[in-house]
Amino acid sequence: MKGLNAFQTSAFVVSALLLLLAVIGPVLAPYNPVLPDPIARLQSPSAAHWFGTDHLGRDVFSRVLAGARLSVGLAVLVVLASAGIGLCTGLLAGAGGRWVDAALMRLTDAFLAFPELIAALAVAGVLGGGGVEILFALAVVGWMRYARLVRGMTLTTAASDHVALARLSRVSPMRIARDHLTPPVVPAMIVMMTAHLARAILAISGLGFLGFGASPPTPEWGVIMLEARVYILSAPAYALLPGVPIVISALAFNLAGDALRDRIGPKEPG
Amino acid sequence: MVTAPLLALKGLGVSVRSATGRLTTILHRTSLEVGKSEIVAIIGPSGGGKSTLLKAILGIIPFTQGSMAFKNATIRRPLDASHRSLRKASEAVFQNPIAALNPYATLRATLSEPLLSMGVAPADRDTLVEMTAKRMGLRPGVLDRRPAAVSLGEAQRACIARALAPKPALLLLDEPLSALDALVAADVANLLTEVIGETRPTVLFVSHDMRLVRRLATRLIVVEAGRIVEDGPASRLLDAPQSAAARELIDSDRRRRARFVVEGHAPRRDPKTRAIV
Amino acid sequence: MISYALGRVLGALVVMLLVSLLTFLLLQMAPGDAVLAIARARYGDGVALSPESLARIMDEIGANRPFLVQWGHWASDLARLDLGVSLIDGRPVADILAEGFCRTLQLALAAVALAAVLSIPLGLLAGVWRGTWFDSVCVSLATLGSAMPNWWLGVLLIVVFSVNLGWFPAFGRGDASHLVLPALTLGTGITVTTARLLRSATVEALSARHIAAARGRGIRESRIIGRHALRNALVPVITIFALEIAFVLEGAVAVEYVFGWRGLGLIFIEAVDARDYPVIQAMVLFSAILFIVINLFVDFLTAWLDPRTRATIG
């Protein structure tokens, strides 16, 4: 892309690789990520096992690669679901008139009042852990920023002549939302979604680390760290290394989001 | 008028509450009867309430006092059933074609919109869109472009074609030529006059362009400070205006036109911002 | 000013009401029968439950009344600060939270103090020395810091300072040395956000016109920074700092878990794990109301600090 420095370019490359990893990660794993090997327990990093082996003798690097599917893949779904809910709420608030707007914005304020991790923990905990439950919990706490962004821009678009004319011509509200109101918010939403990917990866692995993620044999970055936590004194590398991909992906998506915002312009309100 | 009017305003008024909470009346109780196929020009100083009048009739700005009647059905509240039937029979053209076109849709998509909601079959829709666009002087290729890629004149021709294609019974035009340079404006005025002559809709139009008023209007209304101050046949009013506002407008238009010729200055669009300068 | 304040307080009350409704809804989302869940938590899994005891629990929690009535009862209990009792050990939820609150407050105060001590000089100097190596290092660290989950940072600090260097204890509570690592972990997030903002506020303040004028008059640079730039830069910083405090509780959840610090965060995780619904609800509600109150406070503070808003709302 034009106008990006080497740093930003690498952020985009790493982001793209991570998304690719979510699809093909499990295939790339050099060892079986879930098969225990009692002889090779808690080995230090070596040429054979780059991140060492875990308490069951499984190759940690393989588990990290395979874990990308849940950690990154689920984050993508969380972002898409949040953006979808936020888009619908924002369009409705921005184009639905004063009372709908006031009601929806108070509701958005109420959802925003819950700290993200605490609310997600409570929802995921009450529902019981699992991919769908985590997706639901994180979408429930993640849609509000999109709603505010879309609502702000839609208030402007909805007051424009072309929307007034479309309404006069009895174009259906759905079609107006799709053809007139949604296109202007797409660039800003993409910026927001990129940054949200970073937060979603942190949240998913956080839930996993706190014990509310995928159930143990399934590899997921936070869950791997949860399993390793017990061995922090005896095998510090095992306790730390699975967190590196989390930091790298959050960093990459953050930087990519910043770079996109610089290009598209600061349209994000407050 | 012998037959019942197509549209009647009965003490229609618009008040808006400003950000500070003060209530301002921008259109005072206005009464007006417009017959079928009448072509009414509305003139008056800027900010006098001409556009508000059109937008209140269309329901884009909600009216706060009085009522209207359309085809004898009384419109008591904005956007009630009778008002919806008025809106169904109406199309409009606004001053700034760039704001009036969806920047993300091709002209073809925008022109198809009204026909789509009328339930015109896709094949007929395309034919009608292309025919009307051609009638308004748009080259065929232009239809598949977005507003950013067409000239201001082409954009306004598209807006007018969009309003005319569904053959509305009521056509409201808000300064349809003011964004265009003189040559294009003259051409568009010609086409507009021709097409209106063919389909014979009832027209209410706001304009500063006295040449357009003279060519098109059968009746002239002068609006000043939110009130109708003069109303009569266009031919008589243009030559012998009674109110000071009308006299001033007609004279200044004459002076401006003279200056146009001398300086050759016409409004045009800034190539970068696409704003009208 | 008074009507502005009243409007804001009223708005906050409406949001609080909605928040309590949402929190109440949370329990309704629980899969399976809440009555059975409570009975199991109370009498143990697999024990044969008599219809009488189930009916008693049902009556107790009002499960047979309409949803809004249940919510009304729950909310009015809340308003009297009656948070119910824990399903696990029967202790009043208010007592459990109060105990945890003191420990979390200790941790939070240490973290906030640390963040203030670190972020203000770092952010200010990075802004003043924009473009130097010092600035680059600060910006890079801040970028890295915001990508690092605090629980991973906690593990990292334990590995470095407890396991390898042996300077500080890794887990539990005790003397002040137990506080260092968790406070540092918790404080990093606040430090990063505040320092970032202070840096950009300083850069902006130093490029303002009256600063250029002061330079033109030959006023010493240190005086310019102290008298003119700092004062303008501090308003947004105080705002963001107060807002960050609202996030301390959230951050404390994972930090307390990593360091085995039995404050509100750890109590919450244990409650979620055990499905101790009254504790979960109380904690969720408390965190949200804390957020609303801090936001309200920040709004008033901003209005009071900023002469522009003071003029318009005056």
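Residue numbering begins at 1 within each chain, and the chains themselves are lettered A, B and C in the order written.
Everything below uses one rule, namely that contacts are C-beta pairs under 8 Å (C-beta built on N, C-alpha and C of every residue); 3 or more make two chains touch, one makes a residue touch a chain.
The structure presented is a predicted model; accordingly, all values stated were derived computationally and were not measured.
J.: Name the most central chain, where centre means the mean of Cα atoms.
T.: Per-chain C-alpha centroids compared to the overall one single out A.
J.: Compared with chain C, which chain's mean CA position is the farthest off?
T.: So the chain farthest away from chain C turns out to be B.
J.: Cα centroid separation between chain A and chain C, in whole Å?
T.: 21
J.: State, to the nearest whole Å, the distance from the C-alpha centre of chain B to the C-alpha centre of chain C.
T.: Between these chains, centre-to-centre, one finds 56 Å.
J.: Averaging only over C-alpha atoms, locate the centres of chain A and chain B and give their separation in whole Å.
T.: 49
J.: Considering only the defined contacts, which chain A positions touch chain C in the complex?
T.: Touching chain C: residues 106-107, 109-111, 113-119, 121-123, 125-128, 198, 202, 205-206, 209-212, 225, 229, 232-233, 236, 239-240, 243, 246-248, 250-251, 254-255 of chain A.
J.: For chain A, which residues count as touching chain B in their complex?
T.: Counting only chain A, the residues touching chain B are 160-162, 164-166, 168-172, 175, 179-180, 183-184.
J.: Where on chain C does chain A make contact in their complex?
T.: 11, 14-15, 18-19, 21-22, 26-27, 29-31, 143-144, 146-149, 151-152, 155-156, 158-159, 163-164, 170, 246-247, 249-250, 253-254, 257-258, 268-269, 272-273, 275, 277, 280, 283-284, 287-289, 291-292, 295
J.: Residues of chain B touching chain A in their complex?
T.: 58-60, 87-88, 90-92, 94, 96, 99-105, 109-110, 113-114, 116-118, 162, 166
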